[in-house]
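What follows are several structures.
Below, subunit A partners subunit B and then partners subunit C, in two separate complexes.
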Partner chain A sequence: MSAIAAKPGANAGAFQPVPSVIAIVLAIILVVVAYFLGSAGILAGGAMPVLQTLCLIILGAALIAFGVHFVPVGGAPAAMGQAPGIATGVAMLATGAGLAGLFGGAWAAELGLGVALASGAIGGALMMAITCLMVNISYVFGMGIPAASGKVLKDPITGDLQAAYKSQGTEGHGLPFISYVGGVIGGLFGGLGGTLIYIELLNFYNVGLPALGFVGAEGINMLAVGLAGIFAIGMFLVIAVLSAYNITGTIEGPHDPKFKRFPRAIVAAILASAVCGLVAMLVVALF
Partner chain B sequence: MSVKIEASHDGIPHNKVMVIGAVISLVSLYIAIIGTTLGVDYLAFFGGIAAIGALIWGNSTIKKLCSYGIGTGVPSAGMLAFGSGVIALLFASTLSGISIWIVPVAALILGLVVGLFLGWISNSVLNMKIPVMTRSLAELAAVGSLALMGLGAVATGFVGFMDIATFDLLGVTVYNASYLGAGIIAVSFMLGAIALQHPFNACLGPGEKQDRTNMLAIECGFLSMIVMAVISFAFVSLIAAWISLVVAVIGWAVSYVKYVALSKRDAASWLDAKPFSDSEE
Partner chain C sequence: MQEIIIGIGVTALAGALAAIAGAAEDTESNIGSQGDPNSQVQLAPQMGYTHRIYNKAVSGEPPAYTLWVTLACGVAWAFLMLGVNAILAIVFGTVLATFVQGVYATTAYLGRTASLSKFGQPVFIDVIKSVTTVTMAHAFVAIITTVTVCYLMMTVIGHPFALPLLGIVWGLALGAAGSATGNPYYGKERQYQNQKFGAGVPISASGNIVRYAEAGQRSSIDNGFFTAKFGGPASGLCFGLIVFFELWRTILFEDYLAGWGAVIAGAVIIIIFMIIDRYVEVWGRKNYGPYTVEASA
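After this line comes the complex of A and B, so read on.
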């Protein structure tokens, strides 16, 4: 494959209607398959709980994919102060925020769905808020550069002028206020989605494992926690990396033009989580 | 987005590496399974060999995939591989209820199927337009699933779901101290993912050589195996755990020395900086 032929086209960020429709149809087929597996008794708990579990897993994945687009990812240029954002990749940042939220939510899982989801969301948001603050401290006081965006003239929230503070030859640097807010919102959505996937899988395994023959011993809940935890982490990483592929590297936050690509990532997350979620639920299938 | 930069094209072609890695991995897993069916667990260390075979394969795939600029860095590919691999692995391990012999092949096939979905999504829905994307993500999911199964076999000696989900504590079956229930699979997840993404990430560049990258992959595999061998003291018999640990440490030491020698070979010049020098001034 020659390099010239594979150059990215102008429509690299465009929505792909035909593959998206195919992806949605495939996801619906998988959900229907799950419904019939539930009603046939292969998946424990009956048809409606199985349907609810898979649908909420898909919702959680869509939240994660949406949230990843808010996070200001700078990558290697940001490490050199030549682009705004946090100086690492999307996968690492989203994983950090999402797993912090997931652990927070998992701790609160026994306090009910609402409390668990709230603490998951706040855990993720807190993690991102601390990260963004420390990043700005090291940028401003360590590297001696002000925060300025290269993509917009004025900060959409505060109205501060950006161009006057931007160094020549860079795309901006540091974390402007809008990027900071975006990071916190991204952590909020990521933690919420990750916790939703975890809680749904946990409830499902708590029903499914006894039906599989795991009875009569202490710690069956711990086994469900372990299974749901590792599946939630795995699914979170899959969705986060797919969203990272959608962003292709760096994004400044919700004001970045690349943010408009998020519908693609949500479609991708719906199909990916339908596949992964169904396989994860089949672990406790009664063959 | 999909501009190919040249990675090294010397040495063994990718398809050959893939076949070699997959065969090493599957054969080693079957040797470990033969051990468990015979009732002995000192063949558990073959799980580590299986993980290393899978890592060599995955390393070559990552090299092929990341020679196109995917824009998110090499580590994301390793995380995606194990994220999808763990899902395929755990479902495959439940098939041990049918027969233990189909588990490794099922892990390979399920990984390929889950990976094919993800690869199609990346290429079509997300419009990545990278020619090797679908195939690479399918291979990576299979690699993740095989490597995790290998690391799990080192730690527990088993690959079946019932065996890794339960733990026999003084004659009582408990779940919370098992490989799954205690969350040790998360440790092997991260050990495997880092061992998969590190070699090419560390060696990439114009001077990248296939044998050096592969040696680093082997070294990372043995390094992960050391940790799993230490963990295995809790699960397998003492002699089996010591065998795993000694094999892992010797393998790591040999591959590390060889890797340093290869790095010296490829370096323009070499200065021993002597971090622990005795100069006081």
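After this line comes the complex of A and C, so read on.
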């Protein structure tokens, strides 16, 4: 079959049970491997802390994958006012918000897990709240175009009619209120998930690095922060790009039919983060 | 008390520097045509419209700025570790990153434009000579201000991340904020200046970008001149507000309620922005819409 003949069918983006089960089984195998590495003393801290770290990293990744689907991204068509959403890529915008959240979460790490996670979530949401507002200011005051959705007749939150505010020959433009709220929620989940991954890795490295024996006591925290930060950012990019593939191009927010594809991205994120998380932990393995 | 006052001062300075960074970033990306609207610059020759617009969108703005800012931060950090004066270290790092940006811009323009040769699109050497240096100058301003913001965060504010790590975070946020806010203004208002004001570009008009100026063919430098009036400042305001409020809420309210004060302050700021957004949306609907079908003569 040629590429042209292989057009996406009606079930494009549908949940596929068999590959999903395979992915979950592979993720469980990796978690079990981590457990045995912990119990054998290869990963510092013992079996249960290693298990907890990897499971929470996977949870953080699932939160990121879910959050990316809320972010309204219009890509190139949005830059011409041809489609609603923010005129940039899914992965990059979600990562920008997530990393802004990670910045806040890492800053608050010493105040406890609860404050750090909340601070990370709010940091991501704040970045999206400001960006989405400036997008609408650009459309309304710079280009004289009102916000209109192309996917729903009425805004599910405000009840505003959309079709009459859509200019001719376009699929809509700007950010209707539901898309704005979606952006903020996406930033919230992204910041929360990113910070969770960072803090789990930070705690793990703070235990694992002294066991290696070649790092002085004064350098451990700096190295742990650096390693945890780099791996958290890297994992965020992996999950955001995976989710962007699932979205395929553009999405308006939680009211978009593509939003229903999120379970598939979560399954992919679980497997990808299990691999990445185990690799990140093996960096301080005692072989 | 003194710490808080210094913190607020640094927050204001970081916010102002970020605003300059955002404005310079958007103007640079519009002159070099790096954002999403560049899809039309690439498409135009394929539709039969050859042009003299720069074309360097090999990567999106966020990853490109992540590279340049992180590179500058990394070099600056290495010089700082060697005991070099902070201002000099930041300048050295930025100069190197700007050269990398120049090489990236040149190779990207040559590669992307040469790929359009079968559609009759020429590679203009004078465009490379005149436009590349202008994008480099704007990139220098965007990078040096962002690196300075990161340096202030690391030293004065005491964020645990090292300078290169802060460069990744804020380089990406700079590109994301600049492209999100500035792209529609460059794409709709400038490239499709011949389309009706107050409406999106019809999909049928794709590729038919404006290619001529008052005299001769349109230059990419004029695109920067145009977008610097709205898209650039709006992007600057966006990035400036992000940096300012991210720091302000933590520095001022972190000591309250065992750290939850900063979280609550952030939530309140988000709700205020949400209310402003709703006001802007309703204002646009009341004043512009709904669209009506033109009566045919």
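The rule we apply is simple: the second predicted complex is superposed on the first by the 279 of 287 C-alpha atoms of A that agree within 3 Å, B and C clash if a C-alpha of one lies under 4 Å from a C-alpha of the other, contacts with A are read in each partner's own complex, and residues count from 1 in each chain.
By our rule, a residue touches a chain if its C-beta (ideal position, glycine included) is under 8 Å from a C-beta of that chain, and two chains touch if they have at least 3 such contacts.
The model shown is predicted, which means the values in this text are computed figures rather than measured ones.
In the three-chain model built by superposing on subunit A, subunit B clashes with subunit C. Of the two partner chains placed by the overlay, only subunit B lies in contact with A:268; subunit C stays clear of it.
When the two structures are aligned on the shared chain, A:230 is found in touch with subunit B and with subunit C. Of the two partner chains placed around the shared chain by superposition, subunit B is the only one that A:90 touches, whereas subunit C remains out of contact. Touching more residues of subunit A than its counterpart among subunit B and subunit C is C.
In the superposed model, A:106 lies in contact with subunit C only, and not with subunit B. Of the two partner chains placed by the overlay, neither subunit B nor subunit C lies in contact with A:151.
By the touch criterion defined above, A:222 reaches both subunit B and subunit C.
Legend: residue contacts after superposition of the two complexes on their common chain; A:79 is shown touching subunit C, with no touch to subunit B. Subunit A residues 75, 89, 92, 95, 222, 225-226, 229-230, 233 lie at the interface with subunit B in one structure and with subunit C in the other. Looking at the complex, you find that subunit A touches subunit B at residues 1-3, 6-9, 11-14, 16, 19-20, 22-23, 75, 89-92, 95, 214, 217-220, 222-223, 225-227, 229-231, 233-238, 240-242, 244-249, 264-265, 267-268, 271-272, 275-276, 279-280, 282-285, 287. Residues of subunit B touching subunit A in their complex: 1-5, 68, 70-73, 75-77, 79-80, 82-88, 90-91, 94, 97-98, 110, 114, 117-118, 121-122, 124-131, 161, 165, 172-178, 180-183, 185-186, 189. The residues of subunit C lying in touch with subunit A in their complex are 35-37, 39-40, 60-63, 159-162, 165-166, 168-170, 172-173, 175-177, 179-189, 191-192, 197-206, 230-231, 234-235, 237-238, 241-242, 245-246, 249-250, 254, 258-260, 262-263, 266-267, 269-270, 273-274, 276-278, 280-281, 283-285, 288-291.
Residues 75-82, 86-89, 92-93, 95-97, 99-100, 102-104, 106-109, 111-112, 115, 118-119, 122-123, 125-127, 129-148, 158, 160-161, 164-177, 180-181, 184, 221-222, 225-226, 229-230, 233 of subunit A touch subunit C in their complex.
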